[in-house]
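Questions regarding the structure given below will be posed in turn.
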Amino acid sequence: MSASAIVSILFDGLAYAMVLFIISVGLSITMGLMGFVNLAHGAFAMAGGYLVVSLTKSLGVPFLPALIIAAVVVGAASIPFERLLYSRLYKATELDQVLLTIGLAFMAIASYTYFYGPAPLTVPLPSFLTGQIDIGVRTVPAYRAFTIVVGAVLIALLWYGFERTNIGAKIRAAVDNRRMAQSVGINVDRLFTLTFALGSGLAAFGGGLAIQTFGLTPSFAVLYLVFFLIIVSVGGLGSLKGTLVASVLLGVFDIGGKYLYSDAGGFFIYVLTVLVLLIKPAGLYGRE
Amino acid sequence: MTAALQVEKLNRSFGALAVTRDVDLVLERGARHALIGPNGAGKTTLVNLITGVLRPNSGRVLLNGDDITTVNQAERARRGLARTFQINQLFRGLSVLENICMAIGERDGENNNLWRPAGAKPSVIEEALDQLESLKLVDDALKLVKELPYGRQRLVEIAIALSQKPRVLLLDEPAAGVPSSESHLILDVVAALDPDIAVLIIEHDMDVVFRFAKEITVLVQGAVFTHGTPQQIMADEQVRAVYLGQEGLSGGAHHG
Amino acid sequence: MAANETPTVTAPVTSTAAPSARARAMEFIVKRHYLRPWEALPWVLVIAAYFIFPDRMTFGTQVLIGIMFALSLDLVLGYAGIVTLGHALFFGIGAYTVALLTARWNWGEPISSMLVAIVLSAAAGFASGWFLLRYRNLTLLMLTLAAAILVQEAGNYRSDITGGYDGVPGMEIWKLFGVFENDLYGRTYYVYVGVLLFVVWFVLRRIVYSPFGAALTGIRENVRRMHAIGSPVHLRLVTAYTIAAGIAGMAGALFAQSTAYTTLGVFDFDNSAKVMVMLILGGTGRLYGAFIGATVYLVLEDNLSKMSPTFWQFGIGLLLVLTVLFARRGLLGVIEDALKLFGRRSKS
């Protein structure tokens, strides 16, 4: 394998990993916080993707602002779902949670198919994101470089918010021990609504970012869901670091596997997933 | 004579927190032993270590002289170690009778049968009904556990453990959560237990402890503070200071 | 069924109120597994359908296969409480056993290939269950999901053998017993699958009413207590999982035989989700939920998806949400409640 191939795999894998991370991180934190198995998380990402398409194509909003608007709108729109539906099932079994959220995902897919049609959509990109750029060692697709930069910025923001702010400390405390957090006066319910909205907003942002890489169809809501779930469980529920490590592992492994053994496809990542979970059932950075 | 249950130098910690420290405990056959101590002393952890829910970091547990330290929870139960839980652990969606049959069926291997209808072996059901009768629960036999008042659920909790025909029985606050007007029902059952069974009871109500126990172990911060007869414990100034002082000698204050 | 096993009831002398309570309890347990008249209803309907819709038997066969698949899930999910998102794994192994036997080894005899399918899928259930059933909750959910996709990806890797997502080429299923060819309307297979479904139902009914079945319910209701009373929980779960895998494999084999067609799509998450939805819709932990759920689901799907697949998908999603929020015991639960209400009304 040539050095150039290795650089390609690492670079493409990393760009891919950033998208996976941005979408999965919200899922990880909400699942860590409430233990809620949310199979509709991909639907929020999908909704974000479509909102970005509508904003850019119909309203002529530039791509970058469209991403941010989509994140805010979807994040806000997710709050009623959390308050009216999810909150009723916090104490229910994971089976009930799985069923409710599969149901919501199906409804979302059907609705978006009805309004946008089943065909894959694209998004108009600004010119500086379409070509190749030179990063010194070689030229790379500008969009992938952009994805990595955006991912790095978001990671830094999340890390700061999580580790350095008051609200982040509360979230960490609640993930660690919900009862304890409640008993010292943290309003866990409100905290959860907040993280849920943040997570959905990030998913929407990631959904918009993913259009160029994954393509956008309504079935996006469940097509990559398995990936997000794998990242969350391999990384460990509620762990920022775990989600990042798992995203990078999976992104690089998947790209590498497809690059080197195209037929074996995703086989490697599922083997990796099963092995990690058999050895560490709570994930790499999860609490046992 | 080998002790029914023997615990030797048992240690367990969660991270940096040592919750069980060098605990020794001996229950002879037919023992009536009380385990007391302030909240957070590690009493339930000790029960979990003895029954195999948790594994100790070091030390040994012997049941009738056999080392069972590495034996799993279910196997310990099959060898005659039964427990009740501080918070009910019942089959809430099943009838009281089925709850009891479950324990009997696991004890005598009947539950390995995939083909014969559960109702076709009268001996199991007769025994279950006898058990319910002795605890005055037979009128509720067909009621679902979740439909019973809490006090009666507590009795089912004990009935399941007794149906295992244990040689050693660990009772984790049997009357916890039961209104005092009903707690005597449960304590009567405890007082009337088969004299051959070795019993370890965790209890906060000092009246009960002093009436029931022939031996008392005081656990403080995960370690055995002292142990002796009820008279010795009652006379022990240090115990009064450390533990009884907080609760009052006959206070009977309940803590969850 | 068990009339000669009825034990004599001994009345105790200790109290005056006890004998009747005791006798009632005894009678209830002894008669618990007796067949009730309404349990004949599904079978009357299965037979009636044959005469009422003689030209829809190909579809009818798929309904029977759906019921069988859902029944197998009921044993693990409804009774033992194992939440799996990968039950399609065993259905797929069954289907591929049949498909590969005929396509690769020219063996298209239906009964023997179905038996091989049952053995292989049960073996897969045993092997995967042995590792996976140590875990619970999300980890188990993920492992069952990943196991099914793992096998699917492996099949895709060797698409030279499996035919990938285009399907196994050249499947040729022989005549049943060397005599009965499947006719244009699928009547032969309807009868064949119907008889096998009856056998599966009979076996599962014995199991769920056995002490072992009671122990599975115990694990579902409170696994901590099961450990504490000495139950070999892992062994019980693996046993149930193996049986269910065998039955799911049987359903898969019958699917491949009746349609003479199989693709890697059988391993899809959609397929695992679909069987779960059928069961939840009907009601879990009571065998007949599988009958009613699979029938309602497939009939609705058949009619609505022809009109508009989008509408159908929205409908099934909404149905799921409503079921979870308002009718957790499924259609059977709704029917029971309605009957109870009706009974109360007519009395007053």
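Note that the chains take the letters A, B and C in the order they are written out, and that residue 1 is the start of every chain.
Operating definition for what follows: a residue touches a chain if its C-beta (ideal position, glycine included) is under 8 Å from a C-beta of that chain, and two chains touch if they have at least 3 such contacts.
Predicted model only: the values in this text are computed from it and were never measured.
Among the remaining chains, the Cα-based centre furthest from that of chain B is the centre of A.
Taking B-C and A-C together, the pair of chains sharing more C-beta contacts is B-C.
If each chain is reduced to the centroid of its CA atoms, chain A and chain B end up 47 Å from each other. Computed centre separation for the pair chain B/chain C is 40 angstrom, with centres defined by C-alpha atoms. If you average the Cα atoms of chain A and of chain C, the two centres end up 34 Å apart. Note for the complex: chain C touches chain A at residues 77, 83, 85, 131, 135, 137-139, 141-143, 145-147, 149-150, 153-154, 156-157, 159, 269-270, 273, 276-277, 280, 310-311, 313-314, 316-321, 323-325, 328.
Listed in rising order, the residues of chain B touching chain C in the complex are 51, 53, 73-78, 82-83, 85, 89-94, 97-98, 101-103, 105-107, 110-122, 124-126, 129-130, 133, 138-139, 141-142, 160, 164. Per the touch definition, chain C reaches chain B in the complex via residues 1-2, 5, 7-8, 10, 12, 14-15, 17-18, 21-22, 24-26, 28-33, 206-207, 209-215, 217-218, 221-222, 224-233, 236, 239.
Within the complex formed with chain C, the chain A residues making contact are 31, 35, 37, 85, 88-89, 93-96, 98-100, 102-111, 113-114, 222, 226, 229-230, 233, 237, 263-267, 270-271, 273-274, 277-278, 281-282.
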